[in-house]
Amino acid sequence: MHQLKTFVIGGVHPPEKKLAEKQPIVRLDPPKTVSILLSQHLGAPAVPVVAKGDKVLAGQIIARGESFISANIHSSVSGTVAKVDGVPDTSGYRKQAIIINVEGDEWAEGVDRDEAFVRDCQMSPEEIVSRVKDCGVVGLGGATFPSHVKLKVPKGKKAEYLIINGVECEPCLTADHRLMLEKGNEIMAGISIQMKALGVGRAIIGIENNKPDAINNLSEIAREYEGIEVQPLKVKYPQGAEKQLIKAVVGREVPSGKLPIEVGCVVHNVGTAFAVYEAVQKNKPLVERVVTVSGDSVRKPSNFMVRIGTPVSELIEAAGGLPEDTSKVVNGGPMMGKALNDISVPVTKGTSGILAFPGSESRRPAEQNCIRCARCLTVCPMGLEPYLLSALAEKQRFEDCEMERIMDCMECGSCLYICPSGKPLLDYIRVGKNRVGIMIRERSH
Amino acid sequence: MGQLQNFSKGFIRENPVLVLLLGLCPALGVTTSAFNGLGMGLATTFVLVSSNIVVSLIKNLIPAKVRIPSFIVVIASFVTITQLVMEAYLPALFDSLGLFIPLIVVNCLVMGRAEAFASKNDTFSAIIDGLGMGLGFAFALTLLGGLREILGAGEFFGLSLFPGDGMLVFVLAPGAFIGLGYLVALNNIVKKKLDKTA
Amino acid sequence: MKVLTVSGSPHFHADHSVSRIMYGVVFSLIPAMLVSFYFFGLAAILVTLTAVVSCMAFEFLIQKYLIRGPMTIFDGSAIITGVLLAFNVPANLPLGIVVIGAAVAIGMGKMTFGGLGKNPFNPALVGRVFLMISFPVQMTTYPEPSAFSTRLADAVTGPTPLTFLKGGVDQGEKVSELMPQIPDYANMMLGNMGGSVGEVSALAIILGGLYMLARRIISWHIPVSYLGTAAILSAIFWMVNPEVYPDPLFHLMAGGLMLGAIYMATDYATSPMSKTGMIIFGIGCGLLTVIIRLFGAYPEGVAFSILIMNAFVPLINRGFKPKRFGEEIKNG
Amino acid sequence: MEYIIIIIGAVFVNNIVLAQFLGICPYLGVSAKVPTSVGMSGAVMFVMTLATLVTFLIFNYILVPLNIEYLQTISYILVVASLVQMVEIILKKVSPALYQALGIFLPLIVTNCAILGVTILAVREDYGFNLLEAVVFAIGNALGFALTIIIFAGIREHLDLVDVPKGMRGAPAALVVAGILALAFMGFANLV
Amino acid sequence: MRGRKVQNICHPGVVESQEGNMVLVRIESRSSCGNCQAKSYCGMVESEGRIIEVKSGRSEDFSPGQQVDIMLDTSLGYRALFLGYILPFLIMVSGLFLMHLISGDEALSALTAILLIVPYYYLLYRNRGSLRERFRFYIKPGSKSS
Amino acid sequence: MVLTLIIVAAAASFTLATVYNLTKEPIERSREAARQEAIGMVLPAFDRLVSKKLMPPSGSDSLEFNLAFDNGNLIGVAVSTYTGMGYSGVIRAMVGLTPDGEIIDVVHLEHAETPGLGDKIEKGKSDWSDQFRGFDPSEQALRVRQDGGDIDAITAATITARAYCDAIERAYLTFEANKQEIINKEEE
Amino acid sequence: MNELFNEITLFSVVSLGAIGGVAAIILFMVAQKFRVIEDPRIDIVEGLLPGANCGGCGLAGCRALAEAIVKDESLEGFNCPPGGSDVMQQIAEAMGWEAGEQTPMVAVLRCNGTREFAPPKVQYDSAMTCTFAHSLFSGEGGCPFGCLGCGDCVRACDFDAMYMDPESGLPVILDEKCVACGACVKACPRDIIEMRKKGKKNRRIFVSCINREKGGVARKNCKVACIGCGRCVKECRFEAITMENNLAYIDYNKCTLCRKCAPVCPTNAIHELNFPVRKKKPADTDKQEKNV
């Protein structure tokens, strides 16, 4: 049999647990209040342009991304601004947010809420980019990097491929999967818009082989588009990671510390493509997104279309609430997501899933000595030596960490997943990355 | 620091072998038996004391710049004297210590005491210092030699302790390293205990 | 809802654990163990039992009174050390010496450095080589194998094929004359030859090795490169002069080569981490084994070569890193 | 062939550190970094060869003819000590940059114990070495020294990372490692 | 931005003085027997360390007495090793064997071998300028850990 | 400065020379005593000793033959012999032979064999070497049993045993080869 | 006579004299080039220092401090925390200088978020290092300023002056062992530990909280948080207390240890250490005693 494409170095295969795979996306009503964080994207926080007491409409801009890497933020609901204040974010630290009391569901002018599919786009590449920017579109694949930045190819570089990330390699998550089934046309149109903005002739959609229906659906639609093709991929985590995906799809390796554009690629998530479609064709800012609510502790695993700023607890309620023995709630996938210490935190642009697990699944295995079994180094998709990095970081030997390329680690968690001794490898690697990052910054100024 | 302390510190707290890790080559090389260890220790003590005496006597006559080479010459002379006298009167010991007698000359301990202590102190203190350090050295060597002899040959100073051969490895090279390794560890513990009570 | 747990990602963990791996190794050792019990009888059982129990006991005592660390004796690694130590000594070795070996293996080879995974040298081999050099007489007196043997220490002793051949060749006798006097290859494969407790049956060891490969406890790199190098090098010598140097098949099956390549060179703690490193390590072991067997004072060189290569492991780990992503830009 | 046997003998069978117990101080003390130990090895190689050449001349052309072999120790130590220094001075004069780079690279230059030991051994009667053999002997010993300290630097880097129990940390662990290494090297017994 | 890929050797030192863009740093030769009274006299290595001249664009950031780390590319360290010790060693040994082959006289070949390093050092001397250019050091404020 | 060092060196060497001259005698004497003792151990009482060097049929160095006379009769020869076949280093031994070539006794002079194994050739360490007493190499084979000879090897130290036999055999063969000359000596 | 002094003597003297001469010239050159100008006083000073090489003085080890002291010819600005003023006094005597008066310092923990006062709401289950926990979340008790209890500070202390109290989940500093090296201060990712003046009879008063959130918010997570009410500021007659970002801070240079402020704190956030027990107990002193 023909071997399916995948990336070469490392990788693991955690249990897939795609419990919500068959659940269509359900649109949730706006909650009573929303807390919209000012920093939902990579880069500088946005600056509020509304104040307490202001009336806002859904889709109205409420904070502006002013620096180069930042993004606009729009109200996801209509109502009154209750206050601009710190609310705990996913890690429990207070971050500035705009809190809005919901009143009705009125939308700002200019937003086209018609569901009708509009395929062709007349805008020039520059117009596309500025529309994407105005609408506050950020990458929905997890990193929430402002999309307009990625749609502008830097001077002196040339993009050859737009790679669309439909891999959804994280266990449990099904948001992208459902989107590909239900919004295939819109995604395709979004892709061709992105291609136009980037000036590339080819786009490849990478989808793992465990989503045959999505592969079929998109392949079907792709026939109507020139230059867009679907590439089925072997199931392997972390195929969705940008560099691994590029390696899997076009066989190129992004050099250490470089961006994908170095090898002529730009990677966007399918959700981003959909968001770009909505922004460009419907003038609809990024105010809602698909969130999977799943995990062994969730009574009704579901996929919801929710307004940004909705408290996570509401999603969980909508999915049937949590049983008594739930002892971990994760924002994101089980491999990269963040464990919540409070379920009242709001959904952000980057929330792809909310997972809940019972006690038996949420504890880490007891820590023992590293037995040097080399499993971590075998599975590291970046070809690093996690056992070494972690030990160096624990010993605070950060210069050595840097030499061992700790900054190449993308925190995929494969190493910690596989380690038989339960070493908190990634925890220490993160400490190391943090410190090395500071060192590098200090050096460069 | 009293003279007594000067004298006794070499045994545990500042033992040249077990703590300062000086002169390890002879410590490992000749300690196949307690007797050899003691012999080497005493030979070194002799050199140490005599060179300490001479150094403290001539310290004012020697210009600073050729101090080190002069000390070397003094030490080397005493080493050679030891060599000659031993060959004449203790030929068996001379044979078993072999190369390590001339190597006393590079034992950092000897040079170190000459330079750091004898060249700054009066003759009497220098003698005490040399004796203390030298006997500490001899103590460690005898200890290690004894350990290796007992484990390796079942004997102590040639007296058979139990029938049979013992663990051969301890009379061979690996046994030297291993024995010294655990002795140093043990001494660390003893030292800590002493420090605590002090 | 109970108290939530907060931890860093990932939140899934693979189904591995140290003790599962270790007991997997112990399980894979069973065929070799049965063969040894069959040929060396009660004596083999006693030696194995003594080694395992004393290894665990020493680990317990040292953890408890010297290091004051957590209890680790049930993680299975001390059991492996015990079994492999027993497998590396003659079945009629006095049990007192077995206990000394266990003390050295665990005390010096492992716990000195802090226990599981920290030791630079293979503990069982440290124990074996220590005994080999301390008690050369006892360690080189091997009982003759005999089916369902129930004899204890006073079994008939005889040389192993390796000592026999080496002794003969040293006297200027020809390999072709000596060969008929040792067990044929089928018997060597099954384990019907003189030797240490667990090393005799190549077949049983290969069986265990295949099991470990299937369960992904070990990878093929070290055993294959080790055995391959040993075979190739001995074949070269054999082709140069078959009357002085025995053929490669003999080398593969005689002595502890199989046991060493599959169980002892693969010990995680003391072998390289990267695949290339493992291959280099295997090649080094193979070269040294053959050189020591053919030219050294000892008829058997497996233990020495693995220990020597153990010493190189940190350097190999330093020099042969895994291939890094994005290292060479291959665009196409 | 003769030379190869001398080298194999010196490197593996009678390793200078593991079997002859010379140069233990630098073995234990030289920094736990592999590059540094490589540097140390290079310096020892040069100085040991040079010292052997010079002392061989002194022994065979001064001490032996004059029947004053007993001055071996004292003359050797003077020669060795001043040679080591001279190399330094010359290097400093000749290329300060090189000298500085080496200063950073090597924490200490050469310990005399090993050098003196080898120069004395090289003229030992029962070896009966001629000049070339003596030099090869010195080189072999330098290689043996290099092998052990580089291996050991590697192990030391490993031990630094794994938290050896407190009592064994440092010298005790280093000595036990040397012991096991010496055990392993016994496998080379009688190789030549 | 990117991390250094080269490996560095680090050595602590103390700033001696600073003139123009040149910082003079004194480094200690830390001998093996760190706690020995003989300290640097042992092994007869000079004790007070050496002065290293470091060119630095930010030399004014360093003041005398300050603890700094001097760094050098490991590969440069190896090159220094080669030029300083290995190459003269090779010259010496090959000279020895060649001369012995030609003359067969021990004393003569030994003397030749020793004397052969004189022209080698002369060559080094002639090239000291370019060597100075090649061996560059970096300097940074000292850390406790190294 | 230079002068100081020269003076120091000269003073040192002067002292050393004196000590050397003082100890030269005792050293000689102790060496000689050791030799005499060894000879005494392998020969019966004698009143005159004549030394001569003879080349062995194989081997690089000559052997020292000490012909012992009692009342003018050759009563035995003590041969200082060596072998390079030892486990480590050269082994030297003193072999006492009767004028007929029978071994009176053997004592080791110098060896570097492993303590506990090869050092069993030393008389004090084991009685292994006693089996050479009265051994007649013309009738028995001076080889260890493993090699088809009549000497029991030392357990686990066959190499040393083999080497010791080699050394003794060297003495014996040299003696045989020069027997005539040695007997002649008697007549002188 | 001839026995003792013969041609051997002559040869010896001449040849060794020659070798010695050559060596002398070389070594003389060495001495010239690499003159040792090391001040012998450095050794003396180093000998007096405790030799812990802890870096508490801010320099790279004891030798470095000794060099710096000798170089400056004064003790001004130098401080050896482990040795304390005793050592400085000794050095001063040895050098014949005046010893600068040193204020003895000690580390204090400015958090009282024990399990009792700031009950854990979630459970932490990752690497036991505060640095990581700090980057992961606000803490088990929810206070984003409070102690995380993984003991980075304890591990940093070379003097066994700290231990983790399993009961409270907070580190405890042993005054008598702490040498004020500051290692713990550097280790704590939340800057909870402060170096304060040891105080007369070891007495200290400080606000044991660094939460800068608004009172209500802070109080929600921890019963003994400083809520920034400002009562202590008003109470203090020596202007030793300042209020910034909802957090009171007592300046130990101005504080006279009058003990007026502690009783007025509604949350008992102000700690008094090593004072005699108050006669008339204010509301809940039992909590304070726990902290001593």
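We call the chains A, B, C, D, E, F and G, going by the order they appear; numbering starts again at 1 in every chain.
We adopt the following convention: a contact is a pair of C-beta atoms (placed from the backbone, for glycine too) under 8 Å apart; a residue touches a chain by one contact, two chains touch by 3 or more.
A quick note: this is a predicted structure, and the numbers were derived from the prediction, not measured.
Novice: Stepping chain to touching chain, what's the minimum from chain B to chain D?
Specialist: 1
Novice: Could you see whether A-C or D-F has the larger number of C-beta contact pairs?
Specialist: The comparison resolves to A-C.
Novice: Name the chain whose C-alpha centroid is farthest from the C-alpha centroid of chain F.
Specialist: When every chain centre is compared against chain F, the largest gap points to A.
Novice: On a C-alpha centroid basis, what's the spacing between chain B and chain F, in Å?
Specialist: Taking the mean C-alpha position of each chain, the two centres sit 34 Å apart.
Novice: Would you kindly tell me how far, in whole Å, the mean C-alpha position of chain G lies from that of chain E?
Specialist: Result: the chain centres lie 38 Å from each other.
Novice: Which integer distance in Å separates the CA centroid of chain D from that of chain G?
Specialist: Going by mean C-alpha positions, chain D sits 44 Å from chain G.
Novice: Two or more other chains touching the same residue: where does that happen in chain F?
Specialist: Within chain F, the residues that touch at least two other chains are 1-2, 4-5, 8-9, 12-13, 16-17, 20, 87, 117, 159.
Novice: Would you mind listing the residues of chain B that make contact with two or more other chains?
Specialist: If we look for residues of chain B contacting two or more partner chains, we find 21-22, 65-66, 68-69, 72-73, 76-77, 80, 84, 108, 168-169, 172, 174, 178.
Novice: By the touch rule stated above, which residues of chain D touch at least two different other chains?
Specialist: 25, 28-29, 68, 70-71, 74, 78, 81-82, 85, 88, 92, 111-112, 162, 167-168, 173, 176, 179-180, 183, 186, 189-190
Novice: Per the contact definition, I'd like the list of chain B residues that touch chain F in the complex.
Specialist: Against chain F, the touching part of chain B is residues 32, 61-63, 65-66, 69-70, 73-74, 76-77, 80-81, 84-85, 87-89, 91, 95, 152-153, 165-166, 168, 171-172.
Novice: Of all residues in chain A, which touch chain D in the complex?
Specialist: By the definition above, chain A touches chain D via 370, 388, 391-392, 395.
Novice: Under the stated contact criterion, what part of chain C meets chain F in this complex?
Specialist: Chain C reaches chain F through residues 136-137, 140, 167, 171, 297.
Novice: Which stretch or stretches of chain F touch chain C in the complex?
Specialist: Its residues touching chain C are 87, 117, 146-147, 155-156, 159.
Novice: Report the residues of chain F in contact with chain G in the complex, numbered from low to high.
Specialist: 1-2, 4-6, 8-10, 12-14, 16-18, 20-22
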